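Letters A, B, C and D mark the chains as written, and numbering starts fresh at 1 in each.
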Amino acid sequence: MRATMKSFRVRLIAFGIFVVVILLLAGGVFVVQAQAQATPQQPVPFPHVNMVQSGIPCLFCHADAIRSPTAGIPSVEKCMGCHKFIATNTPAIQKVADYYQRGQPIPWVRVNRLPRFVYFSHQVHVVAGALNCERCHGDVGRMTEFQPVARMTMGWCLNCHNAQPEADRLKDCVVCHR
Amino acid sequence: MSERKTDQAFWRRPAIADETEAHQIEDVRQQHLLLDPRYPLDSDRDVLDPMYRSSKRYWFFFALFAGLVLMMFTTWTVQMWLGLGITGLKRPTMWALYIVNFVYFIGIGHAGTFISAALRVLKVEWRRPISRAAELVTVFGLMTAALFPLIHLGRTWKFYWLIPYPNERQLWPSFHSPLLWDLTAITTYLSCSILFAYISLLPDLAMARDHTSGWRHILYSVLALGWRGTEREWSNHETALNIFSYAIIPVMFSVHTIVSWDFAMAIQPGWHSTIFGPYFVVGALFSGAGAVIIALTIIRKAMRLQYFLRTEHLEGMAKLMLLLSFAWDYFYFNDVLVPWYGQAPVEKSLFALFASGRVAPLFYLMIFANAIVPVTLVFKRVRTSIVGLFIVSLFIQIGMYIERFLIVPVGLGQNEIPFAWGVYVPYLPESLISIGAFGLVIFLFFLISRFFPLIPSWEVYEGQVLQGLRRIGRAILPTRAEPD
Amino acid sequence: MAKTPHREWAMIIDLDKCTGCGACVVACHAENNVPIQTEQEIARGRGIHWIHIERYWEGAFPRVKANFLPLLCQQCERAPCEPVCPVYASVRSDRENLNLQVYNRCVGTRYCQNNDPYKVRFFNWFEPVFDEPLNQQLNPDVTVRSAGVMEKCTFCVQRIRRAEERALAENRALRDGEVIPACVQTCPPSALVFGDLADPNSAVAKLAGDRRKFKLLEHLGTEPAIVYLKGGESNVRA
Amino acid sequence: MTRGITRREFIRIGVVGAAAAVLTGCLPPRAWVVLEPYVRPPEEQLAGVATWYASTCRQCPAGCGIVVRIMNGRALKIEGNPEHPLNRGKLCARGQAGVQLLYHPDRLSGPAQQTQRGTRQFKSLSWNDALNLLYSKLQAAGSATAVWGDSTMSGHLADIFARYTKAISAPAPIFFDLYTLFNGYSVLSKTNQQLFGSSALPIYDLAHADVVFSFGADFLSAALSQTRYGVEYGAFRSQPLGKRGFLVQLEPRMTITGAKADRWHAIKPGAEGLIAQAIASIIADQKLGSVERQTRAQTVAARVDVNSVAAASGLSVDDLTNLARIFAAADHPIAIPGAALNGQNNVAQAASAVQALNIIAGNIAQPGGMGMSASAPAGLIKPTPSSFADAQALVEQMRAGRIQALLVHGANPAFDLPDKIGFADAVKNVPFVVSFAPIVDETARYADLILPDRTYLESWGYDVVAPSFGQPIVSGQQPVVTPVFDARATADVMLTVARGIPAAARALPYADEVAFLKETVAALGSGAAGGAGADVLWARFQQHGGWWQSTIPAATPLQSKITAPITVSSTQFQGDEKEYPYFLHLFLSDLLSDGRGAKLPWLQGSPDPMTTIAWQTWVEMHPETAQKLGITSAQVEVGFQRGTLISDVVQVTSPFGAIEAPVYAHPGIRPDTIAIPIGQGHTDDGRYARDRGANALRLVGAQADATGSSLLWAGVRVKIARTGRQISLATFEFTPGVTRGFINAAFPGQ
């Protein structure tokens, strides 16, 4: 009887350690995921939904996407191009106008980030690849607050690139890392 | 008279017929442990007692080696924090002391298996009391060696990329790389060695369980896996050990062959040699045998195990070492002769460096330590002198360490582009880590000596049970019974 | 998507023209964010120069001669550094037919440098330092290597990729001379020439047939993509 | 400041995302990256796509065209301007390193007042206060104002300084620096004036020459126009129909040009002129080559005793005859006078004797021969390097207290002049010294006021290219980024100050430097860019990086004005032969040139081509000499100290001073000669240059040659003493005396 009690205790301790380890691992994964998917606070609330519903195409503001590796953030002047006349009395637009008058750039916070050793070209994907923006950025047209929809990790990239006709070449390291 | 009755316990001393016989028997007994049985509890006490007897001197050395280990890990942390630049590594000697340590510790990890498994397979009886110490040298040597590839990495925290596991990047390690063969071989060998040592430890753990109380009792109960010593258990145990012994020998040979491939597979002149495989294995056994002798002499003295560890064991090891020394000489001669005959410019410059260059003192010390000092083992006086053996073994350790040093950083220093030649001098961090690594092995021994018996008492009993003395005419001869 | 053509990037180095002036060395530092090492580090043999000029003496005074040998990664067809890397950080690019170093994959075993007969790979012993605001010069197209990784000449693969991406977007083929590494671009006597050997009309393809050609350490069978042209003979009888 | 720059002011406020991304490399991203978009986007700028701006390199006086790669408002890389007729898209190491000058961490931000000279205790001033101070001091100084500029000064600034000093009847500005002194700009001008009646700099058409005799001219290194001569050298070696030029180099110490020579002769220092004369004499005596050459040789060459020249030069009579034969038999031979003869006291004769060989060859203004730099287009200024005598005269005036205000721009006389000249003493008698240095250099330490100028990548300007190879070229300079620090263009500072000084205001009635430049450029008329109208011309001047003729005009024929044969006297050395047994041979470092490069880490950290040493000053001596003196050095005996190559530090002493530096055993130097590179030994000039190596000019006295063109920096004797100290040589090579013999199997013979 004593022997069984003892061995039960030993087993209980072992099981306890196992459970704690699993919980810690799961917690770590959860925290990392949550951090990656968090929606950052922007200096000026910017509802993409309003813009898209007004019929503005993505490339009107992010025009560099077809000409450059970077999609580009529109200049304050571009914002003011319309908002000199439209919705001028909302607090958000007044904030933008303030920036414009002070000649200061708006410190937008990056939402979709890539590691610093990854080189991604919007131009190739949008022009040669003929992809639309939603493919990677999600349904931005319905977002009141811009948030990341995917963790842009290597596996995520490979999900598409594996299915391409020239997958091997598109998976060549130098395509993204240099 | 000297006929042993079957119901007589093996430790009972037989009745003595006359004084001559008494002298003969006493003489044989003093020489051979297996013919000198005694009451098992006495032996068990001798094996278990040192676990409790922690003298001041013990704690002094314990603290000393613990300090060395602490120093090693602190230095490693500092190195990871600041970068590998704090070491003396440079272009072109990208591998240096860490890899020397790696090869050296893998090397001393070879003797344990060789003594324990190979001698077991060959039914060499004198191995019985020393097999545990040898196995532990293997396990600790390998554990320490396995640290060095990590210490040596530029980005240690990414070491897990060397392990094949499914990942979202869809990347596997490259099985083209000898480093990965290394990883495979070493992990296999380490796990085999630990299992092998553990299985042979089982009856002793059960023995310890039965003699202890308190937390030790719980610990041994868990570890002994409920060993009760039934006929079936003993039979399974025997089978398991036999299988392991046969299986682990090729693993052992393969491991150091694969370690040698790290060098032999490279196109670096001085490394690119086909003889490296067997040469490294012999070198490893050579240094390993020396390491085991050093461990045994210290254990014997410090833990008062004079009953178990006798001159016959050390002499047996000494003979083995002498044989290995000759083998090493042969391979080294080969390793030098073939490139010398080829007269390749880089290798020629390397030999010039050895013969009369800046590393000449090291080279001659290595030849002296590895080829000349062990020759003294042909004399029985040296073989049976514990101090003599200790010194010879120490020389062999130094010699073999230098040999690896001459191969790794010195060999890398001379290459095909004379503009990129270089001289490596160890800096403080890698010196501290290397000293700490020796400390780590000894520290692990210190630690384990408090928990596990360093003498496999069951193996000694087994030997003693099987051995007997038989009188044939006027001679008293040992006999051995074969179990079924 | 158009099929990417097979490329064989190659460089011709005319040793007769190389003056050893060092312009390529600095151009490479500027283009590839190669960190400059301190005096102490260079004295210890840790200088990093993806392309550097080795000077070999020949003969004895007064009939002494100095030969310059610009040495950079040879981008071998059968690179000895590739198979020894356990994590595919040193890897062949089938796409560009180049020998790549993927910095973010490198764990720093440094085996590749041991097995590199040309000794043109460099290790980052410390985190590189760029005093502010010198860091503003850093090329955003090239990763700054952290401590503990290997680096080496890439044939300015960022330029190759930029040009290819542009050509892809403009739906045309690359032109000969459209891509040139920084060292080739700046070389005053044009001792370095770069191009695609697969294109029979390229400048390199024409020069690669020169009778002065040789490859470095050819006996090792590494098949380098760099062709050296040895010094020419003069037609002046002296 | 200027209206032209307003558009670019916004360039710097770029999209930081991509650029910030490179700063920490492979580490995992730690924080959100803040994106800063433009307020108003500049034209032709795309985030992540580079634009290139054409400008002019100002690292040496040559004036190569450059294009600068700009991305998100940052200058990333300089390359040669492929359209530029001088350097044709190529660039040397120093040109490549220009961006590090722009982003140098020790640049001054805003004006600084030094309350007590030499203390480096700077008080920050507003630009307004600084300009007022400058104005009041300049007004007070009146005509006792002196301007000390350097040869890399932009033409428009030199013009403004010249007009300013002329208007207030002050002495004309001098343009003096070590670079032009060592390369003998002033010597060459004077020689050409005597021989051909033109004071322009000579040019040598290597591309079409078949034999080149270089009398110590290291034209592939820091000399005249390194990049262009590099281009020429490439063409020289691969001429049509498989022809390959033949290069003969005569010098006491092997330079990189010597390393490339087909024939290299280690001659005694100072023997260049004698050899040239002997060659001419042999051609005349032995009737070598064509009849024309023989006759020309007879008029030009003074007869010499070949045996005595052989003894004085270290060449054998056979060698001399052989050289004369090669020269006379060649189709297009050229003789180039080098830097080494410029510091000898027979410099004028020696340079003439070498140029006379060109006259004998009949190659003047011919393809594959010697020509003259085109003169500057009307209305444009090229700062003419002053002779040493001019600089000495100014120092004497300063000492005499006749200078009330000294303006130093670009030049660094406190470093460039030997101590014996006593600039430091003389400047004490100048009540007000202004430095325009962007980084505090040795001279700025003596300044009362520092008004940091913009570096050339942030400035407007132009440069009349000289030597210009056949056609007049005006290289354009424009700001390629917004100023990184709070610096102001010196031209604007001078224009502002001039407004308050009535005489100067009349001479300089310009709103700012851009207005001044536009007017200058408009006077050029249409060049290669074509088009009409001042605005179009101005735009194209910026777009293409300058102005030049699309067709190369025919070379103006030059007539030799030699009437009497040229005799060369043997050179005199300073220092007793017994006490000072070795000849001192100074040379400009390939990478650091005259010391300007020392502040740029790329140049400091790149190995010197011949010795592979970086960051240090070294003393070159022959391995035998080192052995004789018992010196441990890289090549003689390898010593090791913690895995580095160590070398003995020696003290080199001349009659004028002493320096200490480690020895590098150089197999290509005469055993009786000690060579030391110029460039290190700065006591200031930024963190990378400060307190590093030794300044070999300490070994030189203050004496000028007979014509006053040059300082006698070459005719000095020295002695060597061991200090007992050893240091690690920062070399890239490690094996002692790497020779090719070892790996002949690997490198098939050349």
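As a working rule, contacts are C-beta pairs under 8 Å (C-beta built on N, C-alpha and C of every residue); 3 or more make two chains touch, one makes a residue touch a chain.
None of these values were measured; they are calculated from a predicted model.
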Chain located farthest away, centre of chain D as origin (C-alpha): B
Chain nearest the overall C-alpha centroid of the shown protein atoms: C
Mean-CA-position distance for chain D and chain C (Å): 29
Between chain D and chain A, distance of the C-alpha-averaged centres to the nearest whole Å: 52
Rounded Å distance, chain B centre to chain D centre (Cα mean): 67
Centre-to-centre distance between chain C and chain B (centres being mean Cα positions), rounded to whole Å: 47
Contacts with two or more other chains, residues of chain C listed in rising order: 44-45, 54, 56, 88, 103-105, 142-144, 146, 149, 217
Touching two or more other chains - residues of chain D: 18, 21-27, 48, 642-643, 732-734, 738-739, 745-746
Sequence positions of chain B contacting 2 or more other chains: 90, 416-420, 422
Contact graph of the chains (line, ring, star, complete, other): complete
Residue ranges of chain A in contact with chain C within the complex: 69, 115-117, 119, 121, 123-124, 127-129, 164-166, 168-169, 172-175, 177-178
Interfacial residue positions of chain C with respect to chain A in the complex: 1, 3-4, 88, 91, 93-96, 98, 100, 102-105, 141-144, 154, 157-158, 161, 165, 168-169, 171
Chain B-touching residues of chain A, taken from the complex the two chains share: 6, 10, 153-156, 158, 162
Chain B contact footprint on chain D (complex, rising order): 638, 640, 642-643, 732-735, 738-739, 742-743, 745-746
Chain B-touching residues of chain C, taken from the complex the two chains share: 41, 44-46, 54, 56, 71, 80, 82-88, 105-111, 113-115, 117-119, 122-127, 146-150, 217, 220
